[in-house]
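Heads up, there are several structures right after this.
Note that chain A is present in both complexes that follow, paired respectively with chain B and with chain C.
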Partner chain A sequence: MTTAAPVLNENPSRGRSTSLVVVLLLAPCVLLYAIFFVWPQIALLMLGFRAPDGSFTLDLYTKFLTDGYYLRLLWRTMVMGVATTAITILFGVPLAYLLARMRSRWALFLLVMTTFPLLVSAVVRSFGWMVLLYRNGFVSDLMQWLYLTDAPTQLMYTLPGTIIALAQVLLPIMVLSLYAVFRSISPDLELAAMSLGASPAVALWLVTMKLAKGGLFSGSLLVFSMAISSFATPSLVGGPRAAVMATSIHDLTMTVLDWNFAAVQATILLVTVLILAVIYGRLLNGSAAAR
Partner chain B sequence: MHTYKFTRRTLLSGAAALVATPLLNSVAFSQAGAFQGRTLVSSGFGGSTMDIIGDAVFNNFDAETGATTTQMPMQSNAAFARMTAEAGNPQIDMYQFSGGQELDAKQNGLTQPIEGSARMESLPADMKDPDGNWVAWAVIAEGLVYRTDKFDEPPTSYKDFFRPELKGHIAFPAITNGYGVDFLVMLAKTYGGDEDNIDPGFEAMAKLKDETIFAAASDIPTLFGQGDIWLMPYDTGNTYKNQQAGLPIAFATPEEGSPAVKITACIAKGAPNADVASAAIDRMLSPEAQVKIAEGMRWTPTNPETVLPDELSKHVPNVSQLASLDRAKINENRAAWIERWNREIAL
Partner chain C sequence: MTFRLLSPLGITFLTLATLAMIYLLAPIAVVVVSPLGDTGYLAFPPQGFTLRWYAAAFDDGRYLTAFFLSLRLAALTAIISSVLGICAAYAITRYKFPGARALESLFLSPLILPTLVMAVALTAYFSRSGMPTGTWRLVAAHSIVCIPYVIRIVLPLLQRFDRSLEEAALSLGATPIGSFFLVLVPVIRPALVSGAAMAFITSFDEVVLALFLSVPGQTTLPVMIYSSVQLGFEPLVAAVAGLLVCLTGIIMVLFHFFGLRTRG
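Now for the complex of A and B:
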């Protein structure tokens, strides 16, 4: 739409046909989006406000927002999303940087290798983690061997176990988002910064990382939203004790058959994520503007 | 509704059926090619269970009647949710349930009577709906599943879950799993409560809340194989399946009684292939199918005319040895118990 604006100023008659073309080009997509996303989303939203007798009610929202159990559920979901995102940033940034700057012919092969976890079904991968995370499993043994703990640790059916399993599968998403951005930043910019007196670390931070912020934001947003909406991993690895919003919505829909309350939880999850995404985007941009 | 086209073939096969009827036990059902070109969609339990049921019932049924049966894998809860969502316009003709969902389904007007099954008529009264809306075609015994190498004497009671030397070696299913609810009810019964007085169950279970809670039968191999679990409440069918996979486990009947789970079938109201489904259900109740199901799954036959081979009958409890829980009451309380369980047990 924005590209059509200058044309409009130049030549009104041509502009009208251009905007008509734009409308026609967008129409199929908008129509599909409206029918298959916007409308169901509105229907879902309405479901949460419906009392058993069909009248309008805020009771279900009040129930969620005033009950410690449900607030803890929301909190746990957010902790899971933030922790997963933080871990993928921690491991993903160096990995993506190295892959992007690598001159070896193995670079492409290594990039494909990093996406490997995405190719394995979530259920199969979760079963793999179940074996590793049990009290007698590999991770527990490793922690004892490293003297991190002195007794077997049960990570299975816990939130940390879920976060570890989620971070593993979502790491490729972060790496791919950052890889594309790092590739587009010329190494010459770092060299230029260093020729003006910046140390390599400062050059990396001030030039490359600043420019890669867009990739970091999109990567984080993707990882975060996929983490909090994932179902298979939390339900298999986390289990009932580490219940999150996605598993709670599933139980309400499938077992309790309380679809209205499930709709409320789905809406609250969506709204919370939107708010967090806006705040995160502002923070990233804000820190750039301050410099 | 199904519109019927009257052709010469229909007329001929109709006439043939009329001639054949007096000769056959179950009306027209056993007639070869009766459902030529028809498709029956049923829910199924997934995995090897679905294959065994397919082999015991549907494969022969399809071959003889000309129908094509598809089982769609879904757990009972998911199946009931699907049935509710499709009320009035069912895409699945026939449902298989294992968690008492048939009672809710009937109560919510989602079912219609199974018609023309002679075998269903001869079933004991507690194995079928008085109005013929559902029928139990097998029963699963629940009880204690234990590691044979960790117990000198098999466990005998639900009280064994509280033996101090077993602390840290217990697992039990979450309440969203049907067996999780039954475990809660049996604990209540063990400590002086019942379906109406569930508090003793919650109090007992609270003592187990640091033990491992799992979600589904798919966790069992890992729990017994890796997770140093020695005792859990589950059923004969899954014990057998995991024994076959090489796990050193066995099933024991608790002295408080083995809760029995009815495996039922019902027909969705307005199902386009209700007649095919009725015939398929009749086939499920045939002694041949019931023996095959007992062989493959260790599920108890409900048709009293079924005679199991001696070797098999040692592993499959007779239907008279099982106690049944008040499923209607359990279903009524399920939502409230789940809420309470989430707060008090899964914390």
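Now for the complex of A and C:
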């Protein structure tokens, strides 16, 4: 076993034993991906174009894109994605900024507390929201106490309730993306702007937020694509009355057993997410090249 | 901080950040606190005080079985995805072969794929393929979700790794496998540990694939909680969920201290 030279062969003309090692190292992973990832995904894509008699058809796509019910489903999904992203920006920017600029020993503790919800299952967090949002629940009482409403409010099984819960589930992701960006921007730049006469708010807006724009945008893309494809929260908090694409896909697959139409909706969701991912990738490469 | 916290801007930021922290932690606190209430139904804020529901959660056989199933599933997933992920990452960084970049992209691609889409694909696929049923389906699916985490954490370390260390080990008489375990593994151990921990937690918490691919009679804990919650707010479910939160917290604290010690 002391003939170790081929394994560490530097030149690209590989020995037989080296290529054997590569094949052995990669084979388990490649096999697993081929059987349980690549092939099922291709089969899913084809499923959406297959008519009952096995021929090629675009009928299911036409059905989705012309039927009012499904268009409303698509619309609600997009509204949910945009509103969720907006809430995570509203809370994420101040929290990430303060965490990034804090110079106390509490900063690390608070950062850990921000990421802790990520480790708790989305089911458990949605459950907490169900208890809070239920009619006569805590949020309803709080809104009455603040004179925002007169009567008990039912936020459970509504789109706004889903958005409130989903934004909480995804907020840590926004905070983490922004935290990294704010850390990379020197506070000296703001000080420089202020020494030239800008007020703190103007310096923050013109310097830091301008520089953080890329991070804000990529964080938003991430949150948006996770929001439109997440299932547990819309299913538990929204339920059938605030159905979105994710819950519709689940019902079609598990209850109605119409896999062809489920495949169509899953493909539309997947293509949306992939387009966003490509933009995200471009953005990351662009900012890396600019530096 | 370039502005004072007591300026209007500072107060706005501080208020929003405080609200954000409350917002982030409120639903989790609710799950932990509300089963302590002494009412027969779930209420927040809780009224009265009892540990009855938490005690009942430990006694309930169904949840205990589901917990151990989730634990086994997560452990298996963590082991498989770590081993396969390390092998793949090692092969990609160490050997020059055509298509290495393409393979890397393929291995990382589940990161962008929604688990829901994967769940639909696998449900349709498994029902047609005639493969035997069992929890192994879920292990395979979870491994594909988790392998990208392991590869992404380990890959940069392997790329930076000084190969002359390995060559030194070999020239001193170590076998290739020996040098792998004696030189490389200690260097990448922190990344390996966090990759495996990430895989474990992801698999343990994951609900979509588990819901779609679960075998009747063998449901994981998140799926169990998901199904019970849909039927109604029992304090018992909240207690189970509360225990899960506490367990996650304890593990995180332990990991934090443990992680700090190995680094120091």
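What we mean here is this: the second predicted complex is superposed on the first by the 228 of 291 C-alpha atoms of A that agree within 3 Å, B and C clash if a C-alpha of one lies under 4 Å from a C-alpha of the other, contacts with A are read in each partner's own complex, and residues count from 1 in each chain.
Everything below uses one rule, namely that a residue touches a chain if its C-beta (ideal position, glycine included) is under 8 Å from a C-beta of that chain, and two chains touch if they have at least 3 such contacts.
All values reported here derive from a predicted model rather than from experimental measurement.
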Answer with first, second, both or neither: which of chain B and chain C does A:69 touch in the superposed model? first
Regarding the shared-chain residue A:37, is it in contact with chain B (first), chain C (second), both, or neither? second
After the superposition on A, what does A:131 contact: first (chain B), second (chain C), both or neither? both
For the overlaid complexes, name the partner, chain B or chain C, with more touching residues on chain A. C
With the two complexes superposed on chain A, say which partner A:182 touches: chain B (first), chain C (second), both, or neither. neither
Mind working out whether A:18 is in touch with chain B, chain C, both or neither, as first, second, both or neither? second
Pick one for A:254: touches chain B only (first), chain C only (second), both, or neither. both
One more residue to check, A:157. First (chain B), second (chain C), both or neither? first
Looking at the overlay, what does A:236 touch: chain B (first), chain C (second), both, or neither? both
Residues of chain A that lie at the interface with chain B and also at the interface with chain C: 127, 130-131, 134, 137, 235-236, 253-254
Which residues, counting only chain A, touch chain C once they are in their complex? 1-2, 4, 7-8, 12, 14, 18-19, 21-22, 25-26, 28-30, 32-33, 35-41, 43-44, 47, 90-92, 94-95, 97-99, 101-103, 110, 112-114, 116-117, 119-132, 134, 137-138, 165, 168, 171-172, 175, 187, 190-191, 194, 200-201, 203-204, 225, 229-232, 235-236, 246, 249-250, 253-254, 259, 262-263, 266-267, 269-270, 273-274, 277
Can you tell me which positions in chain B touch chain A when the two form their complex? 75, 77-78, 80-81, 84, 174-176, 212-215, 218-219, 222, 226-228, 334-335, 338, 342-343, 346-347
Using the touch definition up top, name the residues of chain A that touch chain B in the complex. 69, 127, 130-131, 134-137, 154, 156-157, 235-236, 239-241, 243, 251, 253-258
Contacts from chain C onto chain A in the complex sit at residues 1-3, 7, 9, 12-14, 16-17, 19-21, 23-31, 34, 42, 44-45, 83-85, 87-88, 90-91, 95-97, 103, 106-107, 110, 112-125, 128, 140-141, 143-144, 147, 163, 166-167, 170, 173-176, 179, 201, 204-208, 211-212, 222, 225-226, 229-230, 233, 237-238, 241, 244-245, 248-249, 252, 256
